[in-house]
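Both complexes shown next keep subunit A, but they swap its partner, so subunit B is in the first and subunit C is in the second.
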Partner chain A sequence: MDMSNLGLLLALLGAVSAALFAGIGSAYGVGLAGRAGAGAITENPDLFSKVLILQLLPGTQGIYGLLVAFVTLVQTGLLGGGAETMDTATGLMYFVACLPIAIVGLISAIYQGQTSVAAINVVTKKPDQFGKAMLFPAMVETYAILALLISILAVFSL
Partner chain B sequence: MAVLQMQKIHICALKSNRKKILEELQKRGVVQIEDGGGEDEVFHKADTTALRAESERNRQSALEALAVLNRYAPEKKGLLSSLEGKKELTDRQYQEGEEQSGRTLKMICRILNLDKSIAEEHAARTRAETNLEALRPWLGLDVPMNYAGTRMAAAFVGAMPGQWNEESILEAVAREAPDISAFSVEVLGRDRDQTCLFAVCARDEAGQLEDALRLNGFVRPQLMTDQVPADYAAVLEKEAAEHDRAAEAAVKELENLAAERDNIEFAADYYTMEAEKYRVLGEMLQSEHAFFVEGYTPKRSAASLKEGLEKRFTCQVELTDVPEDEDAPVLLHNNAFSAPTEGVVESFGLPAKGEVDPTGVMAFFYYFLFGLMLGDAAYGLLMVIGCAFALKKYPNMGSGIKKMLQMFLYCGISTTFWGVMFGSYFGDAVTVISETFFHRAVTIPALWFEPLDDPMKLLMFSFLFGIIHLFTGLGVKGYMLLKARQVMDFFCSVVLWYMLLIGLILMLLPSEMFASMAGVSFVFPGWLSELAKWMAIIGAVGIVLMSARDKKNIAVRLALGAYDLYGASSWLSDVLSYSRLLALGLATGVIASVINTMASMLGDGIVSAIGFTLIFIVGHTLNIAINLLGAYVHTNRLQFVEFFGKFYEGGGKGFRPFSAGSNKYFKFKEEN
Partner chain C sequence: MSKDYTYAVARIRAKEMSLLGNAAIEQLLAARSCDEALRILADRGWGNPDEDLTADNMLAAETKKTWSLIGEMVKDMSVFDVFRITDDYHNLKAAVKLACTGTKVDASRVFVDGGTIDPEKMRLAAEQKDFSALPEEMRKAGEEARETLLHTGDGQLCDIILDRAGLTAMYQAGKKAENEVIREYAVLTAVAADIKIAVRCGRLGKSLDFIERALAPVEELDLAALSRAALAGVDSVAEYLTNTDYAPAAAALKESFTAFERWCDNLIIEHIKPQKVNPFTVGPLAAYILARKNEIKCVRMVLSGKQSGLPDEIIRERLREMYV
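What follows is the complex of A and B.
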């Protein structure tokens, strides 16, 4: 096997992991909250917009993953041309830089989805408490944002 | 920024004016009526449960009638009709509506009856059709269904399960009744599971034939009539047509009654108000000739209310300040700039007694942080245009949604501002479009800097904005403590913290660690470093010593103080939390450029331009939606958790005036 492109492969692996795992997490979280939301709507259709917001909250991890993936692809030249070779060490560094959002994105989206379900329950019973209910899932999101930040800063500084 | 000052209002008036006075109060909607308290020999409360229930019932009927009208004669509504809000109602319209309420109620009954009769007609028609279907195999019979024969001959009309023909019936009968001398069978028709037949035999052998037939499952038809089936079918067909016509007529009448929609909507609101009035009436104390109303009213409108009531009616209105031990209901009042964010404060909790209304301080930061997170001039402009259009087009919209739109309007302005600062217009659309279609890169330079070029710089500024935001929160806490004349508390929990934190920051800035992170190095003169050190030390020692000063035991006091000092770590996490400003700001820009890049991959040319436009529109719509949501949620979070966490708890009760606020369709025209 020709090992000269291993670096590029590793960088691609990083970018893909970011989109992959964060996306899986978000899909799971949004799906979970969506099921709870559908239940809430059968009871009270007026809650639609509030429930929709709560459902979408765990969706951001997937976007953060996409963001890191995209930035990595551009930085390495895989997107927009200019990617020729990359030494293994640099490729590995890109891979590692993508890990925070890949892993934290996956896990935090799942937990955020579960918290969103709980928040949807609150809104079903007390629609006027939306502001507070929204906070709980937003707290989980913090860690996805921190992971995103580290991934982005790392990718940019490479 | 203010919580409106409330006053207690006591109204004492003659019962003869009761209806008028309550109506006036309801129309003005500025008094929250409280339960009148205990009864005694003179003053009693009226039991209005039955009247209230009746109003509720009428209201329900009106709403049902409207639902019926909407089913048969739907109102044409625009896409944004939910923004239209309630229609305005003048006093005269109200009076006319009230006078006509009896007629409207009849109309409501008529509509509900019509709806019922349409259902009945449909059911009757279905019944006729079912009978017609059952009659179909019998149509070959030219005597009535219940025909029994002549004097000498017996006739049988009936059906046998399964498929038969004349031959097989003759065989079966011959097998069961071999002695029978003469009989004849005619098959009239068949359907899936039965054969309909007509049999004749001599009268004296009728028993034998019937037994033989019955052994093969022969039964008399379910539809017994003395009519020939073909005639009966004609009757049924006519009946079905008549039911159809009746249903159609009812629908037509309903369609005509749709002109009454306004009146019925009024009735729905009228009975809503009536029910509310009866609820209040049940809480008031009344003697034989007089009644009392007790409640809260905002001070600014109290005098004009008193004057208005006393001029029109024989009554005594007394205004007093709210006693110390009572929690007056809370109504916020802010200027046009900050009022739109009142909804955000309300969703967290209204200020409790002794707290200031944080809306004014918060509003500026709200717009500021929101714009920073969304940070795209084109998106911001779209928000401004959209909100301004909706606000202009639907001036009557509900106050909640109006405030929200105004809030997003200001947020849009801030977003536009930050977009220009960061040089982001639909992300890098300008560059991409000029490169793809005109083959010449044109870039609108950022007024400040592009976050993608120097994310560390924006991160440092995010922390700076965060520190300013948090320090402002601490400042408001100080203001509240000073206002309550708790100078010692002010010093211990505000001044000492300022000293500690500012000292720590000033110590951090010239350090190598900071320089390597931020890429900027500060060099402070010696005295400033010295001052910073001492500020931090005094602050820290002060907090350890003073924060638990109500504890007698020195050890406990120091331990609690040390624990309080540990709270400095929460300041660190609070500041780090503002890194979301950078993350979300980058997210908008990067996703926008992903969309632009994808769109530009189609290349140059007419077809590509169309594809570009499509991808551009869909992509950016999605991006706006997602990032608007993100910016909204995280601005709220920064306000609720980080900012409010420093000084605000909420927990006040909202002002719920006796008003026409629960109306669905109409509101009273404001007079001033």
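What follows is the complex of A and C.
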């Protein structure tokens, strides 16, 4: 096996991980909140807009993962051409740089989905408490943003 | 996905909004007659508009609505068997008695909705003396009850055989349940039923053999001690309870049997109240079913009280705590 492209392979693995795991987390979170949302609007269709916002909250991790993957692909030259051989250490650094959003994206989206479900339950009973209810899943977003920040800074600094 | 209740719980949250609270029950109590109370309930969407406005029709319709709603949302209804098994045994009791006495009555008057088995199947089994279409435990109990009733003509013996079998089946199903709410319900219901049996047997001066045959086996109570206490009377049953996990029941029992029954139902409602803030698991659905049962029981008390012309205070002291 030709090991000269191992660096690029590791960088690509990092980019793919960011999109893959954060995307899986978001799909799970949005799906979970969507099921609760469907239950809520079955009984009260007027809640649709409020419930939709709560359902979409866990979807951001997938976007963050996509962003980090895109930046990594551009930085390494894998996107837009010009990819050259990369030493293993640099490739490994790209891979590690992508890990925060890959891992935190996956886990935070799942938890955010569960918190969104709880918030949808609140809105179902007390629609006027939407503002307060939305804050709880929004809090989980903080950690996804922090992970995004570190991944982006790390990828740009390489 | 069959154990994912996210959609169902969110729907139940909305449905909980229409459960009757204490204020609604007070409004019913303030009604001048049973008909007025029925109209108040009909305005809240209770009953079936296509049927006559009677208490029986309305309460039967509400029970049907509850199970129909749960059936829409849950694929595997066996998770709720604990709540339905006693209705099956009630129907089996009715089927056996109808078959043995040769009575012909309208099925809707003796069978209840909500069980897991079609009452017609039970009626046929009892009439044809072939219980093979029923589950094993029910088959054994049905055959024994039928034989006992035919040979002794003692309806009470037939009752205790089927009541005990029903309670045992419900308790065993509850013990196997994954959900804590269902497990707790089964245990509390079986324990409360055994205590009620002991009290009633004590009052009627039943023999030790009769008491032991009537009590359903539960791990939480020492049945030998409870049977001996029942022989000695209600005070002895209360005394026995003070040494168990159900010590608070003793005080209620000393007050009155009605107070004890209310204590049992209120305890179940207290246990299920945390489900109002649980967004996952089958717990909130189980809690809703129990809340509806409690609500229907309370409405039945109010309507019966109004029909009998009982003073509001007498009705009020029998009413249970509401879920919402």
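The rule is short, and it goes like this: the second predicted complex is superposed on the first by the 158 of 158 C-alpha atoms of A that agree within 3 Å, B and C clash if a C-alpha of one lies under 4 Å from a C-alpha of the other, contacts with A are read in each partner's own complex, and residues count from 1 in each chain.
Throughout what follows, a contact is a pair of C-beta atoms (placed from the backbone, for glycine too) under 8 Å apart; a residue touches a chain by one contact, two chains touch by 3 or more.
Every value quoted in this text rests on a predicted model; they were computed, and no experiment measured them.
Enquirer: Based on the shared subunit A superposition, would you classify subunit B and subunit C as clashing or fitting together?
Expert: Once subunit A is superposed (C-alpha atoms), there is room for both subunit B and subunit C without a clash.
Enquirer: Which partner does A:Leu79 reach: the first (subunit B), the second (subunit C), both, or neither?
Expert: A:Leu79: touches subunit B, not subunit C.
Enquirer: Check the residue A:Gly39 against both partner chains and state whether it touches subunit B (first), subunit C (second), both, or neither.
Expert: second
Enquirer: In the overlaid three-chain picture, which partner chain does A:Met93 touch, first (subunit B) or second (subunit C), both, or neither?
Expert: Neither partner.
Enquirer: Just subunit B (first), just subunit C (second), both, or neither: which does A:Leu67 touch?
Expert: It touches subunit B, and subunit C stays clear.
Enquirer: Answer with first, second, both or neither: which of subunit B and subunit C does A:Lys132 touch in the superposed model?
Expert: Once the two structures are laid over each other on A, A:Lys132 reaches subunit B alone.
Enquirer: Look at A:Val104 in the shared chain and tell me whether it touches subunit B only, subunit C only, both, or neither; answer first, second, both or neither.
Expert: In the superposition, A:Val104 touches no partner, neither subunit B nor subunit C.
Enquirer: Looking at A:Leu153, would you say it contacts subunit B, subunit C, both, or neither? Reply first, second, both or neither.
Expert: After superposition on chain A, A:Leu153 lies in contact with subunit B alone.
Enquirer: See if subunit A has more residues touched by subunit B or by subunit C, and give me that chain.
Expert: Counting contacted residues of subunit A, the larger count belongs to B.
Enquirer: Once you lay one complex on the other using chain A, what is the shortest C-alpha distance from subunit B to subunit C, in Å?
Expert: Nearest C-alpha atoms of the two chains are 9 Å apart.
Enquirer: From the superposed pair, tell me which subunit A residues show up as contacts to subunit B and also as contacts to subunit C.
Expert: The answer is that subunit A has no such residue.
Enquirer: Taking the complex as given, what residues does subunit A use to touch subunit C?
Expert: 32, 35-40, 42-44, 114, 117-118, 120-121, 124-125
Enquirer: Residue numbers of subunit A touching subunit B in their complex, please.
Expert: Subunit A reaches subunit B through residues 53, 56-57, 59-60, 63-64, 66-67, 70-71, 79-80, 128-132, 134-135, 138-139, 141-142, 145-146, 148-149, 152-153, 156.
Enquirer: Name, in rising order, each residue of subunit C that touches subunit A in their complex.
Expert: Touch list, subunit C to subunit A: 4, 6-17, 73, 279-280.
Enquirer: Quick check on the complex: what are the subunit B residues that touch subunit A?
Expert: Going by the criterion above, the answer is residues 344, 346-349, 455-456, 459, 576-577, 579-580, 582-584, 586-587, 590-591, 594, 597, 626, 629-630, 632-634, 636-637, 640-641.
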